[in-house]
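The following pair of complexes shares a single chain, chain A, combined with chain B in the former and chain C in the latter.
Moving on, here comes the complex of A and B:
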């Protein structure tokens, strides 16, 4: 277990900045997720922590000790690679045992066999120990890769997109496994992914990375309900959040948001109105509403907004409905057992308390605490 | 339907026949010289020279006997047979040249394949150009230099010059091989606690074995077959078997039988190696050449 801290890490590759002034600190034993799109610099960050990549400036600290000059093989980190990186000419047993046979380690053969057997059993690959990596399925390789890291018993686990290349069906199972492995839960783990579902499910805290910069760090609920900008709001959620251009109206009937392209109004609650006033919100802004926060009323007359149905995709446990309001398409999450014909008139109610407000230029969340 | 059947029926058969006949002709054309020299090695002197050429004859081992017994006489007509010595020289020089190329070339290939640095492509290409240079073009300057620095007629001199043949092979084949070994395997080994040198020895080298086998065999074959360097840069002390075979052209006559026997014996090591390494070579070359 260790506290990992990165301070002002700058890294360039071929003249281009890959990591820009990156700083964060985990707490001891935390499951810390790095979430971001491809190319954001997540894997590079992991490799910097492991010492596999150089940095231009900045510090990497484990428990307060600077690690910049410590070579990889002397850092107590374990890393799983996106490509698994299992040694093809070793058996699974030898792959797992490898770290225990490193120079400076004095383990007896029986100790090695015991630990490998224990880890293999935990990950349900004990029947595969005599095979070579080439004979394993994707899910088995992933577990072997994780097993190799666990046998090492590092202070810090670095997991690079472990579930990305695993079959969708097995991914669910393996994600649960991460929850259940005590070693991972008790050690400091830094987990990289581009899948927000994994991030929300597994992370104690999530750091959103884009273009080499940290956009926001927070607990999963904060990230989801209080995204600091449009990028974060859009990243977390499927289907992505609906974003509309709006004009803030303060007229005698009560404050409202007018959506020009949609031709409708959403009444603003006094609470939201006051909050927006307090931050000097511009009169033209962007609002975001998540698909599940829009309700369907089959009788369009009583509704806030009149729309027409477009495409309905029932997926067993949920249903995705696309609707058109004048010029705008909106995505909704609905009960999959409902039925919709295309081009039916529908009424929509927006859950006003779940609205998010963004500055049209900076795309920052106007009401967020982060600022 | 009937027309198609008829077409494949007639033309198909004809097509196959023509192709096979052509293949047989090519086969004969390419292998006949080998066949002829091999039979010549087992023929008595008179059988070799008769016309029309004899395909059925009484085989004899007198040629092999001639070249392997070290007969040194001063009488005219007798051949001072350095053949076995030449064979030994070939083995020594070729193997040493190959070992030297491997010891220096493998780390070089790794550096060129793995790291990015200024002039990398130029350096790599320069190594390749060693193979382009026609030996006849460079042999005279090299001869003069060797005479000056005293490397003429030495094993060291030959081994050094043979690097022009063996080194490019090793470096170019292994360079792409090392490029293809995933960096993450090395990184995984570092994370497992192994320092870089142990990582190279334990992980990278074993994975490059097919490439090393392929490069070694190609290099060995080309070095073994070398004639010009061997002829000009050494005299009878270090001459390999390619040059020794010349000795059979005497003032009296062309000892075809002896030459043929020498050719057969000299080819044997290569044949053995080539057959053994064939599977390695195809795998090694294609793995090295194909960019994923």
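Moving on, here comes the complex of A and C:
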């Protein structure tokens, strides 16, 4: 168990900054997720924590103790790599045991055998111990790779995109397994991914990283419902959030948002109107609405927005409907058992309480606490 | 536009090694009709024969046995050009030194079509694909999604009777994949041609096509719509391969009768599913054998409703996934996954009651994996 803190980390490759003044602190035993697009600096951050990369400036602290000069093998971190990093000529048993036989570690053979067996059982790879990595499926390799890290009993786990190369079904299974592994749930774990689903599922908190900078840190529901800017709103959620240009109007009938390209109005509740006034919101702004928060109404006459159906894709638990309103396309998530013919009229209703408001210049969320 | 019919199509690859002949059956007696204007997906794991099937339709692969008919004519011995089918590949296969316009117009030029007619056709297809603004750009500078659309455009511009798409989305990143997927469906709705699409991704297959043909081990498992594959899967393979989150499967389960009512019960009695009365006749011969129970997470709820029956367990994991939630409930070590609303909340370990509709419980034969409900 440990608290990991990064303070003002700057790191550059060939004069180009890849981490710019990066700071965050985990709590003890936290499952902390770094989420961002490729090239954001996620893996570099993990390597800095592990001591595999030098930094230009800043401090890495474990439980308040500076680690900058402590070599990797004395840091009590265990890291798994995206590429599994298993020895192809070793059996699964040898791969696991090998990480306990590293120089400077003295474990008796019986101790090694006992611990490998225990970890293999936990990860459900105990029946594969005699196989070579070449004889394993992607999901099994990933488990073996995690096993290599676990037998060392590190106080900090660093996991780099562990589910990227396995297919959807195995990813689902392994995600559930990560939730239930006591070792991961009780130790401090820093988990890197580009997949928002993994981040929402696994993280106690999520740090959004872009271009070497932290954009937002928050609990999964905060990140999803209160993104601090458009970038975060876009990164989390599939299909992505609908973003529209809007004009704030104060009609005699009450405040409303006019969507010029769509040619429709959304009336604003007094609550949202007041909040927007309090932050001096510009009259031209961008609004965001998640595909789940646009409802289809029966009888298009009474609807707020009149649209035409375009493409409907039914999946297992949800259906994705694309609709056209004048010049804009909107994406909706609906019941997959519904059916839609192309180019039919539909009435839509926006859930006003779920609207997000962004500044068109800075793209910051106008109503988020951090904004 | 044309109907495509496969009649007992078989493909055997044979190799000779040290005078020993080895034969690999890549496609086994395939019978399939793709209607005029239909969008059909060929779905299956790698090595199931789906790409070989596609290549036989195009004419890039000989047919060992059987017949392929396009528009009512047997095309076994026709060249790809004679068949008038177009194929867009997994890799885009564009000429990198040519502009998008030239890439699109190339095959028309080769056919000797007049320059101003080529111009008209290129601009028309560019409009459908929404690539008008990049017509003058070199194809090497395009994003993956744009290249994919150009590649598709090049296939479609020939006005083929059948368009074949080989995993066109697999190299695109998630958000582009979604965008291009919708675009392909939009194009099909506009052009109304016959489309055959090969994929290993069941989400893509369901999203795009009118019907899905599921293949495994060189054999066709089932052809059907989304609701056929979801609610009436032919066997355990189809049930398990199609569906996200995956279907709950409980092998080695038993059928029990209790005061005239029928139940399917997991091996140690963890979960007991009531069965609809109409199952009785189908099960009479099976009561002593074991079965595999299948039930989709979508058909189990945390809220009761009319006609539903309860199951009990304890909360193991709840995942907030943004648009949906996944709840895993455990009973004596056996897990069941349930689709839950994203705002669901229950502490780990808490007892919970789940509700399912008996009509949605699937039963599979323990021996051959066949769906007993719909045999």
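Quick note on the criterion: the second predicted complex is superposed on the first by the 370 of 371 C-alpha atoms of A that agree within 3 Å, B and C clash if a C-alpha of one lies under 4 Å from a C-alpha of the other, contacts with A are read in each partner's own complex, and residues count from 1 in each chain.
The rule is short, and it goes like this: a contact is a pair of C-beta atoms (placed from the backbone, for glycine too) under 8 Å apart; a residue touches a chain by one contact, two chains touch by 3 or more.
In this text the structure is predicted, and so the values were computed from the model without any measurement.
After superposition on chain A, the partners chain B and chain C are seen to fit next to each other with no clash. Once chain A of one complex is fitted onto chain A of the other, the partner contacts of A:78 are limited to chain B, with no touch recorded for chain C. Between the C-alpha centres of chain B and chain C, as viewed from that of chain A after superposition on chain A, lies an angle of 80 degrees, to the nearest 10. Between chain B and chain C, C touches the greater number of residues of chain A.
With both structures placed on the common chain, the touch criterion links A:104 to chain B but leaves chain C unconnected. Legend: residue contacts after superposition of the two complexes on their common chain; A:52 is shown touching chain B, with no touch to chain C. By the touch criterion stated above, A:87 is placed in contact with chain B alone, chain C being left untouched. Annotation: superposed on chain A, chain B and chain C show a minimal Cα-Cα gap of 11 Å.
Residues common to the contacts of chain A with chain B and with chain C across the two structures: none.
In the complex of the two chains, the chain B residues touching chain A come out as 182, 184-185, 187-195, 198, 203, 206-207. On the side of chain A, the complex with chain C involves touching residues 168-169, 172, 175-176, 179-180, 195-197, 200-201, 220-221, 224, 236-240, 290-292, 310-311, 313-318, 320, 322, 333, 336-337, 342.
Remark: chain A residues 47, 50-52, 71-74, 77-79, 81, 83, 85-89, 98-99, 102-105, 148, 152 touch chain B in the complex. By the touch criterion given at the top, residues 174-175, 178, 181-182, 185-186, 189, 201, 203, 206-208, 226-227, 230, 243-246, 296-298, 316-317, 319-324, 326, 328, 335, 339 of chain C touch chain A in their complex.
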